[in-house]
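The following pair of complexes shares a single chain, chain A, combined with chain B in the former and chain C in the latter.
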Partner chain A sequence: MYRKYANGEITALQSYIIIISIMIGTGILGLSRVVSDIAQQDAWISVLLNGIFISIIMAVIIHTVRKYPEDNFLQYISYLLSKPIAYLVTIAYIIYATLATATIIRFLLEMIRTWLLETTPMAILSLILVLTAVYMVKNGLTIVARFNEVLFFYLIVFILLILVALPETQLINLRPVGGSGIKSIIKGAIPSFYAFGGYEVILVYYTYISDKNTKILKYSVLSVLSVTLFYTITVASQIALFGPDELSRVLYPSMNYLRAVDFPVFERMELFFTVFWSFTVIGTMGLQFFSGCLLSQIVFKTKKAATFAYIYAPIIFMLTLYPKNTPHLVELSSYIGYMNIFFGLILPLLLFIMSLIRGGKGSNEKSV
Partner chain B sequence: MRKVYKILLVSLCMLVVSGCWDQKDLEKLLIVYGVGIDTSLNESTDSPYLITIGFPTIIEDAPDKKMEYSTPAKSLADAYDRLQRKAYREISYDNTRLIVFGEEAATLGIIRHVDAMLRAPLFPGTARFAVVEGRAIDLLSVVPPVSLFVSTFLFESIQQSNMSTSAPFTTLRRFHNEFNTKGIEPIVPYITYAAEPGIIYVGCTALFQGDKLIEVIHGNHSRALLILRGEIKNGYYTAKYQVENEELDNFISVRFQGGKSKIRTEVIDGELNINHKISINAILSEFTDYESAFDSEKLKVFERAVAEAIKRDLQSTLNILQKTLKNDNVGYGRYVRIKHPEIFDPENWNEQFSHMNIHLEVEVTISEVGITH
Partner chain C sequence: MPPLSSSNSNYKDIGLSKKLQENEQQLKAIFDRSTDIIFRHITIHEKRNKKEILLVFTDGLVNTSELNDSIIKPLNHFSVSKEDSKHIQEITIDNVTNIVNSNEIASVSTLDEIIQAVLSGDTIMIIEGYNTALKLNSKGWASRAIEEPTVESVVRGSRGGFTENIRNNTAMIRRKIKDPSLKIQELTIGTKTNTFVAVVYMEDIVDKELLKNIINKLTGIKIDGIFESGYIEQILEQNHFSPFPQMQITERPDKACGNLIEGRVVIIIDGAPQVLIIPTTFNQLFQSPEDYNERVLFGSLIRILRYAGFLIATSLPSIYVAFISFHVQMLPTNLIVDLSKTRAQVPFPPVVEAILMEITIELLREASARLPGTIGQTIGIVGAIVIGEAAVRANIASPTMVIVVAITALGSYVLPHYSTSYALRTIRFPMIVMAATFGAFGIIITWTWLIIHLCSLSSFGYPFLAPFAPINMGLFRDAIFRLPLEKLKKAPNRKS
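Here is the complex of A and B:
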């Protein structure tokens, strides 16, 4: 098969799936709690606003990177922000991707240990997941994208799971709409940033889209809006079930939501969720991990990105074992959220402004 | 080469199977169906509670099909540990269907026991809560006439009582929700014993303030509370119907077919007013006079008679809640909180509730008269 890029390439359709797949990950577990702590019953509005805002950011990202279709992350940042800054930003992104991968794996481990394999040592589970990540990314981007393409159908099950506890919900818990005040609603959007995080990988992967076309902007924005709609409905239904008072005491609202009713056939609906959710998170993990490996290959100018998968694997393995307990993990993940604000918000806006100033000529260097 | 791949594939599958090495057969577990929580009869402050578990023995040769273990304990988790020492198999609480609180334990407060249930990932959120007259240990050792396990019997009968608008349906999750939600106090079904031995009656409601039992209401008051909360499902309601020159009283009975509860709040001259409109759909199921009921004017008279009787019950129940107990088990506070957040005081809501004016309006619609004239 002809391949334009040594590390594989993806179709435009796969890029939309990547956006959706990477956004739906570990953040969904506690999303409604962290947002409703601030925005109370209006948490769903905060999530909706944040999603709309992120879709605008996505439009900005695509609008910027499509001016440099042949340039990779390092090349177009070099052109827009100068070479030293580009190296700095790329290395920072590699660190971010590695930390994010470790955080995602650790969240997955927490869930597996809590609900499925409570006596299996954390290190064994972590090793299995890290090896899975290495195996997934060692053959390049095409394989990672295909894996996520297959998993995309699992998301349909996710959407159906929202219906499970609907008969138990009470609309009074969502009232008064807007009652928490505009300030709280806007403030509530900030902690939901982590749940939406990951879409910024398109900054790295855009150049590897084989059939770039004019519709990419439209469909990328639609991908973000689909996730936004899914998150908004999820959060609204969880608030309608728990109410803001109880929600602040529920650690994993998405799991507890499924424990609210006796369901025929599947007695343990939350285990059903855990299985599907685990696969979705593995997809997210692969995408985040590979972005770090790919950028490392670009920075260090090696032949294969997979080399870095082997180098980073032990680091990620150790990082997954670093958090002492769940509260410590949640605390550490908030730092990833801050890093995400830089790569998902500040950097795209900065690049957009610079692209307006410097135009769309690009460095025209040979793609790595 | 293909053979190598096949061997590798089979080996990989075998690795997955290795996950079963520590699997547990259901027969190896002691599966708890019901948990009873009482205060300890001993004076010891070290173990103030007596925790009882009821479980099926499963083993065919066992002398009894079910058993109960009890232990004094500091708390529920402490009891898990002590009970395990008595048990011959690993105790699993993942299928617990019923949690029964003895009256005295419920009066002391039950949230301290709820934490251990909520913290365990596999403890069912749908486990049903009940308070029993007397002690939970006595209830768990009862053999109901139509079921092997009292926990299974109560699991079903609580739901059935709720379907007939007689007693509330409270699960672990619902109790926790109402306990945490400002502007509503929790309610739990209350179990009593009938005069006949072995007959258990589920038709009363235990009223809680926070996590403490403060009062029990029976019969029509229990039903009225459910109607006030908008939980109108099925069940029969009989009202007196006055017919001139008759020696015996006559009655109209209707069967509920669901209904609606609409609560509106307003502040008039600085006073909080609640307009509570209740609409009940019903089927005429009985009219003890021999007259024909197949007349729309007569049905209107029936509807008014039933509505007035229900309103009297509702008013009487509200009086208990507002004046005697000063405890908002209906949840009016949730509406006041939404409409008048400046007035709603979460810390003193029950006091505010006791002073507000509640205007009840009951509407009964009889949509069917059955198949006799």
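Here is the complex of A and C:
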């Protein structure tokens, strides 16, 4: 594969898969609980509205970034917002990406310690995961994208797991539809934003797509909508199974959902679920990690992004060990949620408005 | 077949002299103490004077009856017969070709070419008074008859395999593809062995960049000897330490030809029946010609079975170890009761049990490969049954472990491409160790590393995991299942 860019290139199809893969990550576990705490039985409507809203944001992003196809993240932001702000934003994004990676790894570790390995020390598991992340990003963007492509096939199996407990659900739990009131429904969309997080990474990766064409807008929005559909159905089926009262008492509804049915061969389906879900999360982690390394490479102008992978690895390792327990982690991850809102919502809108004001073709240099 | 490059650089620019005596002395000095190189003098009585002709050939590499009948006999006959000498007054290098019956005649002038020709089984004819010699094709040596390849046998399909003779192999390919755009380019590789290597491709289908790349790499090889395609494979491959082969190897002409028609390049090496197919992708390691000879449904199902075999052969022992050591709660209650009964008597932890049994199976495998014929097969069967039984009786292993190991071994044999089984065995052991240390998480991490490794592997610039990553719809028609032949008609566009 003859590389056009030093960090590798991705095809348009890979970019759609990246969007889907990075969105389906740690958020799905507690999504229904978090939203139904506020919106009760209409949590699924909140999720649906949130998804549609995000697909509009995605359309805004692609529309903006499309005007500057050859500029990387730093270049088009410095064109639209001015250089010092661009550097600030980029460095903020690097910090956000690193923190997000550490959060994801820590979340995964929590799940593994709860369901798979109770007594293994956190540090060793964290070390293995960090090493895996470094190995994944070492060879550039193309490898990370291909890994997520292979994982995409797993996702299809994963999705079938939703249908598992349908016989046990009681649709009455979903009624009255709309009974919580418009206000709760809209308020319920805010915590679900974190579950959809990650799509803003397209801001960083757009320039590396080798066959950009007009259909990218359509299909990127479709990717977000398919994830929305998946989440909506998940949340709806979990509410239908548990009911909003019970749901608020279950820490990880997606896991407990699978206990509703008995399987012939495997006694505990949750381990099965954990295995598939771990793969998905590892894919998400790789993408987030690489976006941080990539931007660092652009800012500090080194030859390969992999150098930063080695530099950030120990930092992330220590960060994953920092939260003392799960509630502490949840609290810290809410800060990540705020940063997510900034990069996922405020920044694209800002760029969109500036691109309308300034117009033009961007700095139009050949990307790094 | 003039070789494109020869490495005998000592004699590269030395030519012949016009005196036969000097030529003979020079050649005798070079071939000193090689008693199988024969120097045969023939004296021709022409109308006015005598002419000396020297034939140089290697005994054992030439077809002696052809040499006698077609080359020596007409020359002797010329001296005696009055009719021939009426038309030709004097033997010159031009008209001797009319006397001698040989299907391939070329003229050579450097010592280098003469030595190569003699050592390849041609006969060199040096005529007094000329400083160029003639090379006559007289090759013939003892070679193996065409047999079915041992590791690639099929139920439905042709039973012929490649042999050690490069000319037979190219002929078998020509028999299957009767198209003038099938090109066979020959090179000589190896400074000491000067082995003939043929690069075979279809001119109108192959990717020109790839071909140029391959030929450049081949002509740049500097090595003493090439004995088998494996030497070239190891020089050309991109990643030496990957467990997976980056080129296919086959002994079957139908597999080679199928790949040629899809635009790949086949490299044949004189002296070994295995040929190389470049480039290859991961799913090709699971393809067999039988998939195409049988109907769609069975071709697809058997291929899916092979993928399942791959998964089983790599992961089953590790899954067993992980479940028994860490996640006992995953198994159905009845099974746990039975398992605990049998495992209670085994003094070792599951991982030791697993590794012991696996090592035993590996030893059995290697032993039965080295031992001759029937003894090897007997040892294989006896060993498997007896050792398994005895191990259970002696409480070294539990019966479940024996079953797991047996199914794993079977799973690794369904792969049509033999070299992949080495990959499976290599992956299995680290996975067992990881499973023993980290349970299911260990298996997840090992698979992640494996997938990342496969993603970064490429075969001559073509991504190894196509069509899974990058997703390439064209190749998907033939990856896990095989679509009907009408849909497979066009060679897929493999570049991504």
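Couple of notes before you dig in:
Simple rule for what comes next: the second predicted complex is superposed on the first by the 365 of 368 C-alpha atoms of A that agree within 3 Å, B and C clash if a C-alpha of one lies under 4 Å from a C-alpha of the other, contacts with A are read in each partner's own complex, and residues count from 1 in each chain.
Just so it is clear, a residue touches a chain if its C-beta (ideal position, glycine included) is under 8 Å from a C-beta of that chain, and two chains touch if they have at least 3 such contacts.
Just so we're clear, the structure is a prediction, and the values are computed from it rather than from any experiment.
In the superposition on chain A, A:179 makes contact with chain B only, not with chain C. In the superposition on chain A, contact is made by A:11 with chain C only, not with chain B.
Within the superposed three-chain model, A:325 lies out of touch with both chain B and chain C [touch as defined at top].
Touch criterion met: A:260 reaches chain B, while chain C stays clear of it. With both complexes placed on chain A, chain A has more residues touched by C than by the other of chain B and chain C. Of the two partner chains, neither chain B nor chain C is touched by A:214. Once chain A of one complex is fitted onto chain A of the other, the partner contacts of A:146 are limited to chain C, with no touch recorded for chain B. With the contact threshold set out at the top, residues 268 of chain A are in contact with chain B in one structure and with chain C in the other. Only residues 1-2, 11, 13-14, 17, 112, 116-117, 120, 125, 128-129, 132, 135-136, 139, 143, 145-147, 149-150, 153, 264-268, 271, 274-275, 278-279, 282 of chain A touch chain C when the two sit together in their complex.
Per the touch definition, chain B reaches chain A in the complex via residues 22, 121-122, 124-126, 173, 176-177, 180-182, 334-335, 338-339, 341.
Interface of chain C with chain A (complex): residues 326-327, 329-333, 438-441, 443-445, 447-449, 451-452, 455-456, 458, 461-463, 465, 468-471, 496. Interface residues of chain A facing chain B in the complex, by the touch rule stated above, are 114-115, 119, 172, 175-176, 179, 242-243, 245-246, 249, 255-256, 259-262, 268, 270.
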